[in-house]
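Two complexes follow with chain A in common, the first pairing it with chain B and the second with chain C.
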Partner chain A sequence: MNNMLRTWIKDGLWAIVFAAVVAAVIRFVVGLGAGSGLNDATPWGMWIAFKLGFVALAGGGFTLAAVVYIFHLERFRPILRRAILMALLGYGSFIVSLIFDLGLPWHIYMPIISWQHHSVMFEIAWCVMLYFSVLVLEFSPVILEHPLFKHKFFQVILHGLHKAILPLVILGIVLSTLHQSSLGALFLIMPHRVHPLWYSPWLPYLFFTSAIAAGMMALVVEGFLVERWFKRGMHFDLLERLGAWVPLPLGLYLLLRLSDLFLRGVLPGALDGSWQSILFLTEILVCGILPIGLLAIKKVRESREGLLTSAILIIAGILSQRMSLSMFAMRQSTGLDYSPSLAETLIAFGIPAAALLIYLFFAENLALLGDEIPNPQATAKLRPLWMFSQDTPGRIIFARRSGLATFAIALILPAMLNLPISDTSANAVQPAIGWETLRIDGNQTGYIVDFPHVEHQERLTEQLGSKESACATCHHLNYPDDEATSCSQCHTDYYQPISIFNHTVHQKSLGGNVSCVECHETEHVRQSAAICQDCHETMTAQEGESVFNPFASSYKDALHRRCLNCHEQKAVELDKPELALCSTCHTYYESDQLQTNLP
Partner chain B sequence: MPTWLLLAKGPAFYFILVVFVVGLLRLVVLTVWDIAAAIRRAGDQRLPYGQVVRQTLSWIFPFHKLHRLRGFYSYASYGFHIAFLLTALFLRNHLDILRDDIGFSWWAISKPILDVLTLASIVGAAILLFTRLYRADSRHLSRLSDYLLLILLLNIFVSGYVAGRAWNPIPYDGLMLFHTLNGMGLLLVSPFSKVAHCVLYPLIRLGSEVSWHLSPRGGRDVIETLHGLEGRKI
Partner chain C sequence: MKQAAILVDVTRCTGCNKCVDACVNANQLGDPKHIPQQESDGLSVHRWLAITESPEGSFVRKSCRHCLSAACVSACPVEAMYRSPEGIVLYDQDKCMGCRYCMMACPFGIPRYEWDSAMPVVGKCFLCNERLSEGKLPACVETCPEQVLTFGERSDLLAIAHERIAKFPQKYLPTVFGEFEAGGTALLYISDVSLDFLGFNGATGDEPYPELTWNWLEKFPVVSLGTATLATGLFWIIGRRMQAKLAQQQTNQTPEEK
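Let's look at the complex of A and B:
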């Protein structure tokens, strides 16, 4: 991997993080309901799914800690620090995304003071808090070894931590075991919301065993990535050992899952051909039994491709199980369509992107990848911490990242704030003003048509015999109790035809939600609705149409048609060709000139 | 609605507006960063702050520089800058679109005055372009982007001026689309090019003043480097 590619990947991660920060601000400004696709019927979605994924990948932390400290398999020590960092970042991501998921995030401390002993959430909250603290303590020696902390004060802490590591590890194992299984227990309260192929009363055990398997395999994938990125620190022999052992927890997980489904008689459902059954079979066969088979063959396990493929398959299978449980397979039973919003998606991906950047930062600056100390030059000359130092490449990095952030923010902010991106479908009409002379300037250009209203009224009354029919020539439809509804009240769009039917008004005046049947005989769709004329007798069909058309033509078309039809006719009748010319009406008065002519 | 108006009122405009605003904020940070770095780096850090502030303020409207050298060029540059800012910011049509986009705007200058100003900025920009092309010292200091930005500006002025005329031979909507695209292009590149001085001019001047006064003989050194020991007034 060359430096160019590294920079590109980092920039890409930064771009996702920037976008997620914008999304996060919006999430907190507009609230949970408006900022995400979640609703009361589907209160758990993408964030929960990702959270379960984070902790699955963090499973390597307690597994490796147990292997090294409890079983004393010292040869795994070189990858222990990585495993603990993975767990730290995984649980950190869990906590950060929890802040977004809570309706009242400022209540996040409540489990500390308000104890609800019967709640699984209570156990989870405490386990996560304690285990995260334990992880911080377990990882802090790596940070304190950095020359920046060479002061005696830090060295005393470091010494204390080294002494306390064993109790910490035991505490960590206990807590994460409790936590992993209680995450599964969380779903025990919803047997009817989760698809039967994913629900199981043994979910706590499934979560625990699968976390071990996923955590081990995450270390394998991480090893490959680290090797590509840093050209060191892979320890293939250790990863191969992990590959040799993983069939144990994975096989146990599969055995528990399948035997539970079999004993409860749900297993035949896996063959019903629905997409859920296909996903289930893929999880079990392609991502479970196939990699176990692959890893059982020594030659495959010892090849880089074989090990990596198996690891990716296993991780995919376990992530799929957790995400199906919390998102895909749940949606089916609520009947309400849940699709994550843009802000939600960006936050969900932004958190792991940030975690990756933190990982890279630690790996670049700390003795993380086994026994090697990072580049001595980098540690020997510590960078000054003040901001305006010419020696640091800080300015270059800032210029680069902030340029990237500019574009990321510009792309997302308008889309997510739902800024009044001008409603191009509504070209509001300015109503005509006046009585004797109507000042018509529908599109507000200042080019006014000066319409002699009363003059037309008198002439039409003379021709048609009654004032009513004269008015009705133009005022062909009126609002209830109105005699002369103006053109712009129905023809509300200057350029486009627009429906004059107002569903809310009808629904309210007919009696609210029970009134559907008044108009919809069968189902609640437009096609089944009654026609306007059934109730409104004045709404008759126009020439050439079978029913009344509730679409009012555009203001421009409506006025031109109304005036031109008559003017063209009269031009012939009275032999006055100038009547039909544009300039007869469009005399192009500038607005301020006309104002002096108005009464 | 014609395409150009859709563009000016649509999401693309918001994108460009946010790039413009956030990009300029970024530039403020970078400029302050550089000024601070320059002060830190300088051996002699005593700055005549009063003088720096006075000079910066006087450069915002540099009337006293108007007749010094290259008077014709100075007047053209003056006319160009003032006319550009006034037409861009106080044209009724621009303000109407702006009100539609962001919900507020301000008073406008009457159209006939702006017509004259637009002509002035076209002439000014043309003179700046020709000076760059035909004066050897200007030409040597110019980069490709200097020419391109001037041409972009001329595109905007000329198309905007011609479009509304009765004698306009080109279809109105087509020309306005050209005008709008060029204008959006200008907004998009301004935080990343020298056009940024249309907003950040005082800050950029402050930067130059600070670096100019940093070392006791700084100004003289620059003159000597540019023009030899005898020093020619610039």
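Let's look at the complex of A and C:
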């Protein structure tokens, strides 16, 4: 790998980080809804999936610590420091990612003061907090060995850390065990959300075993990358040993997972041909059983290609398990779709990009890679993080970085302006049931009439004087199991507007047969009757209407009015006369039956 | 009151949405006609109660079920979701971190989030806790013109529910929905149609959800102590063996060197 390529890769990482910073600002200014694709149906998304991935890849930290300190396998010490750093960066990424994911990140300290030990999340919060501190302590000797910290004060701390390393390692192992498995336990409470092929009551054990495997294999891939980048520090013999051991945790994970699915009778679902089942089979066969087989062959394991391929397959399988469980195959509460937004994706990738840059910074400046060649650049002071090569002038670096930053902002800002800002008025479609319009399928034929509920309410309230009596006009509950009066009780005639004046009711309420004179001065005919407004003061006849209101329009007119007015208007406006034709909604051969093309 | 509860008689509901209106007004959730886009079942952070339609077309109330052993309460890491002495599941936004685990855990998919805010909170029905303390009925119960809703002690309401079912067996399904689901809920339903659709992805099982994670969490002391003991033990045993081996090698080597 030449210097040019290194510079470009670093520039690329920086560009992602810059873009992520812009996205982060957006997320905090506009809130989670506009800053991410998350919604009520999918409250957890990409960030959680990535977090699970970070922590799985960090599993090498406690595994290697156990190998070196507990099992006394001193020959693995050369790759111990980078394993600890990987864990540190993995957990650091988890915490940073959490800050974006939390709705109220400034309450992140709450688990310290408000204990709720029935919550897995609570245990995770504490484990992450403690384990991150342990990792910082475990890693700090690497930093304190740098000549920059040669002051006696630091040397005393360094000495103390060396003394305390064994309790720290044991504490780290305990916390990791708890935390890795608790991340799986997080999903135990949501069997309704997790896809059956990924759900298991044994999720804690699956997460623990697979984290060991993923952590070991991450060290293998890291070894290859480090060699490519620094042209040293690979320790192939040690990585080959990791490759020889990994079938143990990985096989245990696969065995537990498959046997649980088999025992609970879910396994046949893996053969139903859905994309989930294909993903599941790939995870198990291609990314599980195949690499175990490959690593079992000594010749393959001892070849660089064989080891690297197996490692990548295993990591891919375990990351796929984490992400499928928490994102791809997760089921939603309502029909709302989830797709990560641009800002969300940038943040998700920006965090590991930053972690990689920090890794490079440490590797360039500190005795990290564990080989005997002293780092020639680790002299009196630490090279700043933003520099990519010792001999590049500062102004060139500055120009490059600021150019990248400008580019990132220019690229992201327009995207931000297009973000869906929630608009209270932009909701043209009314729900199926509810406020203004009820959908009524009176004949239960699947053909639905939109019933303007609010319009009826308002008109009847005005006519009858009170809201209660308006409701009671239709919802009177005087029949057994009555729910609502059917439309045809008012709109009795299919073709003619009809008076819904109820003579009998008036007669009875005014005193029976002696009450005729209350309204009829002379003959007992309609023409001689008093107008409604004489008694009902709020009832006024509209222009062109009979004084004997209220009139209900004909059934046919009522139905047509729901659509036709607007159709006719639009036909003129848009110059599309076909919109107002009968055949737009009615098919000609069934003219006597309402046959609509509308849903 | 040991366990406040509401009985919903689905057969009486006309879907007039007056309860929703009352809920919005009582809890000051903003314009009742404002329907945020992020919803498809009617619930949102501005709408804690919704009338949904069953697959058969019946109107069914959807709101927080106030589970007797609530998944959200057990999931919350900071006690922001908690149960009041009356058995109402309440929320304290001063403690909430916004991790949304409660939303993920709820087997009915009820809690909603204020996605469009930079300082978001969780929204769900609190059974008009404040009105109750003033001696009033929950707003929805007070408003319902059809007597769909009955408020009271859960055991009393269960008795009423079973009585109604026994009296009109042809009208109701022989189940009180919410009597056992998810360990029992404070919202009880009697209905002529199956209400399994209210559960998330099919019917909700009867087992209390918090047990799913507690089964693991209660192992914590054993796991942590076990791991610590195992690690220390292995360190000690392997260390001793290696020392012994080293010593043996040295004793073996010494004569040769002589």
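What we mean here is this: the second predicted complex is superposed on the first by the 389 of 599 C-alpha atoms of A that agree within 3 Å, B and C clash if a C-alpha of one lies under 4 Å from a C-alpha of the other, contacts with A are read in each partner's own complex, and residues count from 1 in each chain.
The rule is simple: a contact is a pair of C-beta atoms (placed from the backbone, for glycine too) under 8 Å apart; a residue touches a chain by one contact, two chains touch by 3 or more.
All values derive from a computational prediction rather than experimental measurement.
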{"item": "Chain A: partner with more touched residues, chain B or chain C", "value": "C"}
{"item": "First (chain B), second (chain C), both or neither touched by A:H146", "value": "neither"}
{"item": "Touching partner for A:F398 - first (chain B), second (chain C), both, neither", "value": "first"}
{"item": "Which of chain B and chain C A:H456 touches, first, second, both or neither", "value": "neither"}
{"item": "Chain B versus chain C as contact partner of A:T406, first or second or both or neither", "value": "first"}
{"item": "Contacts of A:H520 with chain B and chain C, given as first, second, both or neither", "value": "neither"}
{"item": "Touching partner for A:K10 - first (chain B), second (chain C), both, neither", "value": "neither"}
{"item": "First (chain B), second (chain C), both or neither touched by A:R241", "value": "neither"}
{"item": "Overlap of chain C and chain B interfaces on chain A (superposed complexes)", "value": "421-422, 424, 427"}
{"item": "Complex interface listing, chain C residues touching chain A", "value": "11-17, 20, 31-44, 51, 53, 57, 59, 71, 73-80, 95-101, 103-105, 107, 109, 112-121, 145-146, 171, 199-202, 204, 209-210, 212-217, 220, 223-224, 227-228, 231-232, 234-235, 238-239, 242"}
{"item": "Interfacial residue positions of chain A with respect to chain C in the complex", "value": "28-34, 38-41, 43-44, 66, 69-72, 101-105, 107-108, 110-111, 114-125, 166, 169-171, 173-174, 177-178, 181-182, 185-186, 188-193, 201, 204, 331, 333-336, 421-424, 426-427, 430-436, 438, 441, 453, 471, 475, 477, 481, 483-484"}
{"item": "Residues of chain A defined as touching chain B within the complex", "value": "387-390, 395, 398-399, 402-403, 405-407, 409-411, 413-415, 419-422, 424, 427, 495"}
{"item": "In the complex with chain A, residue positions of chain B that touch it", "value": "1, 6, 9-11, 14-16, 18-19, 22-23, 26, 29-30, 33-34, 36-37, 40-41, 100-101, 103, 191-192"}
